[in-house]
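Next up: some structures, all given as C-alpha cells.
One chain, chain A, links the two complexes that follow: it is found with chain B in the first and with chain C in the second.
So, the complex of A and B:
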C-alpha cells in the first residue's frame, strides 16, 4: 500500500477525481450490547467515535460496518479543504513522517496530487503517467466536459493499473 | 548547496528571529507582513497535513520543496517553530533544526534572565552564535553575489 491516494484538482480548486488506496491500519471488531459504551457522531458524512476509548477503539475511528453490513460510502467532499492555498503551484512535494505528498501542475492549471509512502520512488514519473492517462481517457472522451468531475471507467481502470505498476516497479521508464 | 534564510516563531505567531544569508528575491511586502504570511501558511499546512494523513502521525509536517527551494520545519512541544529555507540539494534538516533549538535557543535565550520570552530576541550573543553555527554547516556555501 505504498501509494495512499490520488487526487485531481481543477483550475478553480475543486476536486474532480479522488482515489483512495489505503487500508486503515486498525480495523477493530467488537460485539456490543445495548447501551453502547461509545459516543458516536456524524462527521464529514462518516459515523465517527467521539468519546469512549477502550480496547483499541480510539477517538476518531470511523464505523465501517455493523453486523457485517457495510455502513457508508468512502468518498467524502474535500474539494473545499484542498483549496489553492496549499496545493498552490509552488509546492511540488510536501513531506511528513508518515507520507509524502507530490503535486504536479499542468500548464492548463490541472493539479495531480499523489499521497505516497515516504520511501516510494518514481512518483514524478507516476505523475506524468497519470497526466498521460488523463489526456487519453478523460480529455479524449467526447462525453467528458472540462473541469467537471471525472466519471470515465477507462480512466479509473488505467489509473489503478498504473498505480500497481508504480508500487511494484518503483519507477517508470521512458516511453512506458 | 546553500542556506537562504531562517525564521524562528513562537506559539502566538510572533517572529522572534529572522536572518538571511543568501536570499536572491525579496517578497515584495514589508517584513511584518512576510512573517505573518509565513506563519499563516505553516499553520494551514500543519492542519492540512493532520487532516490528510492516512495514518496517525508522530511528527507531522517536516519539509516541502518547490522547483527552486526547500523549506524545512521543526516545531517544539512548546510551540517554538524553526523554519529554514535552503536550496534543493540539502537533505533532511530536522536534527540540525533541533540542534539550533537545544544548543542555541535554550542556552542563550531561555537561560538568559534578561531575555523576555515572547518578544523579538535581543541577544547579540545568540545572533553571533547562530550565524557561526550556520556558516559551519557542511552545506553552507556563500555564492559570489
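So, the complex of A and C:
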C-alpha cells in the first residue's frame, strides 16, 4: 500500500482522526476516537512504536509522545523554529528513506497529515481532497462537534475511496 | 465545485423557495417558542454562528482563496466569492470607516426574505439575523473577531438591506503556528 496513514489534528494539537492503511490488524486500525486524557497514553505508545521502525524521525516523535494533548501542536511549533526560513508556517513535508510525511494546515488551524511511500505522487491533491471530505462528511454532520474525534461512517468510507483512487493514480512503482 | 460521484452530481440545485420556506418555518417556530423578539434574534445569531464555523471549512476547501492580508480583502472575498457561492447574490461593499475597520454590505435582494412581511408585533425582530451569526462564526475560525449587525432591513421599511461589519481584533491565541 503506498499510502500508509492519514491523521487529522485539531487546532489545540489533539489527534481527532487516525487511519492506518498498512497495518491490517483490526484492533489497531480504528482506534481514533478517545477522550483526550486517559486513553491517549496508550495511543501515544502505539504511535511511537509505529514510528520507531523508521529512522531519522525519532526527535520529532519523541515530542509527540510526551506531550499528551499538545501532540502535533508541539511538533509543528518545533518544526517552524527548526526551519532555516524565517516565518515558516510549520512542517509541510518530512522525507525519510522509508516514507514521506506530508502535512497540510488549513487557515483555521486543522492539520491533515498523510504518510505515504516516497514514490507516491499527487499527495497534495489528496490532502486537498481529504479537506473537502472533512468539510462534507464531518462538518456537515450536525451531530459532529468541532474539535472532537471524528466518528462518522461516511467520512471513513469516503476517505478510504479517496485513498484508493490516489494510490491507483499516483504511484510509479514497478508493475503499475 | 466538484462533488463525490456517490452524490447526485446534477441536482445541487434545490428549489430556493423550499429554502425560504424552511427558514421561515424556523423563525416562526422560534417566535412561538421564545415569544420575545430579542431572544429570537439571539437564537438566530447562535444558530448562524454554528453554521458559520462549519461553513468556513467548506468555503476554504472549495474556493482557492488564501489568507486575506487586510480587512478590505476580507470584505471583497465575502461579497464577491462567499455570498455568490452560497446565496447566489453579490452584495456591494461600501461605507468604509476612515480607519478602514468597518464597512457595509448592501444587499439588493435577500433570498431568505422572499415573500416575507413582518407583522407589527414583531417590529424588533431581525429576521435574517442568522446571516450575522454565520459571518461572525466563519471569521472567528480564521482568527478575526468581528461585530456584525443589520443597519438597514427592507423588512422594516428601509430601501435596502445593509449589513454593517466591524473588525474588532485578531484572535491571537488560536493562531496556527507560523502565521503572523
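To be clear about the criterion, the second predicted complex is superposed on the first by the 103 of 176 C-alpha atoms of A that agree within 3 Å, B and C clash if a C-alpha of one lies under 4 Å from a C-alpha of the other, contacts with A are read in each partner's own complex, and residues count from 1 in each chain.
The criterion applied here is as follows: contacts are C-beta pairs under 8 Å (C-beta built on N, C-alpha and C of every residue); 3 or more make two chains touch, one makes a residue touch a chain.
Just so you know, these numbers come straight off a predicted model, no measurement behind them.
Once the two complexes are laid over each other on the shared chain, residue contacts for A:121 go to neither chain B nor chain C.
The wider contact with chain A, measured as residues touched, comes from C rather than the other of chain B and chain C. Touch criterion met: A:106 reaches chain C, while chain B stays clear of it. Touch criterion met: A:158 reaches chain C, while chain B stays clear of it. Contacts of A:5 after superposition on the shared chain: chain B is touched, whereas chain C is not. In the superposition on chain A, A:139 contacts chain C only, with no contact to chain B. Within the superposed three-chain model, A:95 lies in touch with chain B and out of touch with chain C [touch as defined at top].
Overlap of the chain B and chain C contact sets on chain A: residues 90. Chain contact summary for the complex, chain A toward chain B: residues 4-5, 22, 24-25, 81, 85-86, 90-99, 101, 115. By the touch rule above, chain A contacts chain C in their complex via residues 11, 73, 76-77, 79-80, 87-90, 105-110, 128, 131-132, 134-136, 139-140, 146, 158. The touching residues of chain B, counted against chain A in their complex, run 41, 44-45, 48-49, 51-67. Residues 4, 6, 53-54, 56-58, 60-62, 66-67, 141-142, 174-180 of chain C are the ones that touch chain A when the two sit in their complex.
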